[in-house]
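Some structures to go through are shown next.
Shared chain: chain A. Partners: chain B in the first complex, chain C in the second.
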Partner chain A sequence: MAAMQQESAIRTSRAARVLIYLLLLLFAFFYLLPLFVMGVNSVKPLSEITGGNMMALPEIWTLEPWRKAWSEAQVGVQATGLKPYFWNSIKMVVPAVFISTILGALNGYVLTKWRFRGDTILFGLMLFACFIPFQIVLIPMARMLGIFGLAGTTWGLVLVHVVYGIGFTTLYFRNYYAAFPTELVRAAQIDGAGFFQIFWRIMLPSSGPIIVVSVIWQFTNIWNDFLFGASFADFSSQPMTVALNNLVQSSTGVKEYNVHFAGAILAALPTLLVYVVAGRFFVRGLMAGSVKG
Partner chain B sequence: MAAPVDADFRTRLQVWLPKLVLSPSLAMALVFVYGFILFTVYLSFTDSRILPSFGWVGFENYSKLFRLRHWEIAVTNMGVFAILYMLICTAIGLALAIFFDQKIRGEGILRPIYLYPMALSFIVTGTAWKWMLDPGIGLENTMHALGWESFAFDWIKNRNFAIYTVVLAAVWQTSGFVMAMFLAGLRGIDNEILKAAQIDGASNWNLYRRIIIPQLRPAFLSAFVILAHLAIKTYDLVIALTGGGPGRATELPATFMYSYTFTRNQMGIGAASATIMLMTIAAIMIPYLYSELRERK
Partner chain C sequence: MGFLDIDSASKTYGSVEVLHNVNISVGEGEFLVLVGPSGCGKSTLLNMIAGLEDITSGEIRLKGNLMNGVHPSRRNIAMVFQSYALYPNMTVAQNITFGLEMHKVPKAERESAMQEVAELLQIGGLLDRKPAQLSGGQRQRVAMGRALVRKPEVFLFDEPLSNLDAKLRVDMRTEIKKLHQNLGTTIVYVTHDQIEAMTLSTRIAVMNEGHVQQLGTPKEIYDSPANLFVATFMGSPSMNLVPVCINANGEAVYAETSNSFGETVRLAVHEAGSDLRSMSGKTVTLGIRPEALTDKDGADHRSTHVERCASTVGVTEPAGSDTFVTTSFGGADCVARMRADTDASPGAIIEFAFNMEKAVYFDPESGIRIG
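== the complex of A and B ==
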């Protein structure tokens, strides 16, 4: 992150600076616009949206759309609101993030401190897995989950997200541990510390920044996933993204735009919260890892 | 008395332990990634319809696929989408990064505003833009309400223009992230060279064109690889924004694969389209990963 603070030597004229500020503000407007539209229209009665102007503040403020989106709206066949799906997502995300982070840490530790012939090739194989278009695994994965009785379950989705997430978590921990002094590990080994002792006592206590990176990354990716949720889940396990899409696309009845907007914000809230609270640590941790990368 | 054997066992265990710890992850990658890829590629040469079946048909699925108008549309849309998306994201990302590099006040406030869309799900982004671009309630309706009666903006409902709305929403979501990549690159450039060039009388334009931008090569490369891979994988955004429509106007290979495999019961053709998607990504990713991992040694 130190590099981020370095000031450029470029000097610009006053007129150029005014123009730059105007453009920067214009882009800030562009990036904030959808959030503003979603927010404002989620607290309006429906008639103000269909009859009025999307940019206007509400004449009558109401939290009814939020209540409806959360606990009453028609999602798929049932009028349950988004609430059960929100919990489905939580039940899926928490174990998947935990398991993939632990596995990534162990893998990174092995790949940097216990190197062996061919380890880079193995890492390359795991890393490539992050970038495959998941369409290529959908058919066999559906079969496999069916065979093991995991089709339509939260644990099935946890498995899927762990499998396709460990490439990234391994990458993060590997880069981070590469900068960690190997002499410390060797010294501990001479003192008689074993493989796991070194991991628990030496590596993990200094892994704070990269654990934050891994957790944020995995949380955001898994929470936001749609393809796996849409392919492998049923009512008891469908995540929030799938439910939101069902809510918005449902063709029956009146389109309640205000409820859709409230639902979209509900689906976005957890990742936005993580971003606002921990976004700074994400960039910082990423930089800490890539020092020697 | 069993101590020597025990100690020997423990040393041997310590030698094997690292590989043992790595093996579950590796096994998962071998089965769920490489095994599954082989299975899908194999299916693309079979007569699978609603369920996998193993009657070998050679390249029939591929020749059928390339004769399908539907696939041709999906590939053409991918071309238009990917080129515009990558160019616009790179242009906006680079421009914003260069602006930020001019000792801007309030960078700490603006940067998170540019970056937050990255934290959202494509389904949320798609929903927001779907209604914002909807002529009935969105921008067009707003302009009419404000008194500009002749204003028309119906791209999302227009077969010839709908694909550009997908570009717009995708650019909104990722251009801030590209900005961050270029900014990190810019902040890593040695100021001494710039000062020397300034003393020699180089203009800002020349500084950027001759010295700074050429030094951003690694950032350009990473941006290209990440954007290309995101473009090819684009699925959720189209589903939420347009559902592939109007008609087939925003159909992409990812949506094509899903509908042929799971709703039209043409699994062989679906598998063939997935194989082509994989090969496209592999052609970009493998050389990149290879050079990255070699450099690190």
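== the complex of A and C ==
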């Protein structure tokens, strides 16, 4: 009797499983369709797009649109392609991610291991940074950048993104370090380690998972940011997102959809790469703060 | 002046005073155990000695030097934590030498000091491992190694054995005692386990609610507890407390109570002091340890004063080496420690022997022992 029940239980779950997989495949297809369209159309000549259908595989395979998007397309005054803007983005993202992560780690360390009067209130205020819409700070931020002499520079953008990111990185590291045993810090104090020695030698080496979370989060947000890039950068410091917009929105000449598609993929590649390389640590790190290892 | 002096030390958090005017003087080479229930302030006091917590008022001196406000690393102390607090990202060798490295000891010297400690604690084979790869007992040894390597003036132990299983705990207890005997360093040790306190210490400070209840050798604490708290906290099973009426009759002083079936029991007090004599006609609490309340054959033969009386056996609990027998006197449940092969059986009426030399008396209102 019990065996029969178990059998039927397996059978129903198998039916449910098939349904679940079908649904998942459907959703996967739905989500991958745009990527397919982008990919397919970035490797065919323009004539095939204008004359044919978006879904069809190319008759003539070509990497010309990619080359054009990277180094020839008319983005600004010069026909430079997206290349210089790609490097602008890198020059902005790397320091911004690094600085905001380190500062977030330091904040988390102080807020959990060097408690002081009012630290929870301070942390609460820092959390506000996560909820302030970008648009609100545009004008005051422009004024500040002007005062600092950073208007229109890559370092100005780095500053903006660091300031905006600190709320998130502090939140991550504070919650991670809250579960980190305080006895370790005390032992290190007795061993004679100072504030920064404890940070560099004890705390940071044990923070792998949460560093990955912070880096992925910051990298994606900063790389994909358009508003700050469009507002605070000048021609020499515009990031990839702004350049892509300029490329696609340009109103002179023929719209080269294949080049646009290639450019869009180029703009999305770095974040994809970060996810593929570090993605599996992402979920692990997000859970590390809440569950004791 | 002792080696380590704690002089009217107090600690307050906001408006809550958690330590009240603590005075303890520890001699060189002493093994002082701070014992008490959780929340009694013993760990706070240890952290104050370590410099991890500020002293609100009073002084802590080490070898006559005032330690208030001195950074933990400059006090020449080492501490073993309950969780061991081994640095998870470092190997055992790095864990042990980290303190020396922070104090800028040359590498060759660090290496030889580490080898010496590794040999002493028999952890030579573990030096390249990470803490996560060690068992509880091994971690405990490494934590001790980290403390030993710095050759501190005072060792502080914060409940170091409470994370170990029962058998390992007993083994490590013996090792700590051996270590103390071999090295002769001064140790302050915090525990809530009264057996650890008894076995390890040269002196015990029993603490409760931020007060030192009694400071003395294990024997003093056990045989002459200063008050009811110390009497019941130390010892397992805890001391029997029987309400008795004092009856001073000329030279002799009697403590009167009743047995399980209501008969009056008259116990002659052994060498009654004047304070107890003056309590004649009043009810006091008689305290008697389970091992001083036995069957009539099991009474201590060296004792010069044993009183006997009959009572009903409630429950018998064979514990292997002894059998614990419960009964009641004066309405209070009492535990008697009898030989393993005692013939006491539940419901039987047998003779109990009181070793009156070991009996102590307390004022039931203040809880203080009557001399």
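Simple rule for what comes next: the second predicted complex is superposed on the first by the 273 of 293 C-alpha atoms of A that agree within 3 Å, B and C clash if a C-alpha of one lies under 4 Å from a C-alpha of the other, contacts with A are read in each partner's own complex, and residues count from 1 in each chain.
One rule holds in what follows: a residue touches a chain if its C-beta (ideal position, glycine included) is under 8 Å from a C-beta of that chain, and two chains touch if they have at least 3 such contacts.
Just so you know, these numbers come straight off a predicted model, no measurement behind them.
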- request: Using the touch definition from the top, say if A:A278 reaches chain B (first), chain C (second), both or neither.
  value: neither
Message: By the touch definition at the top of the document, which applies to A:L32: first (chain B), second (chain C), both, or neither?
response: first
Query: What's your read, chain B or chain C touching more residues of chain A?
result: B
Field: Partner chain in contact with A:I202 - chain B first, chain C second, else both or neither
entry: second
Query: Between chain B (first) and chain C (second), which does A:N107 come into contact with in this model arrangement: first, second, both, or neither?
result: first
- request: Spell out the residues on chain A that touch chain C in their complex, using ranges where they run on.
  value: 181, 183-184, 186-193, 197, 201-202, 205-206
Complex contacts: residues of chain A adjacent to chain B: 3-12, 16-17, 20-21, 23-24, 27-28, 30-35, 37-38, 41, 49-50, 52-56, 103, 106-107, 110-111, 114, 116, 120, 122-129, 131-141, 143-144, 162-164, 166-167, 170, 178, 194-196, 220, 223-224, 226-227, 231, 241, 244-245, 248-249, 257, 260-261, 263-265, 267-268, 271-272, 274-276, 279, 283, 287, 293
Field: Residues of chain B touching chain A in the complex
entry: 14, 17-19, 21-22, 24-26, 28-30, 32-37, 39-40, 43, 52, 92, 95-96, 99-104, 110, 112-125, 127-132, 136-139, 141-142, 145-146, 172, 176, 180, 183-184, 186-188, 191, 194-195, 198, 204, 207, 229, 232-233, 235-236, 239-240, 243, 253-254, 257-258, 261-262, 267, 270-271, 273-275, 277-278, 281-282, 285-286, 289-290, 293, 296-297
Message: Quick check: in the complex, which residue numbers of chain C touch chain A?
response: 50-52, 71-73, 77-79, 81-83, 85, 87-89, 98-99, 102-103, 146
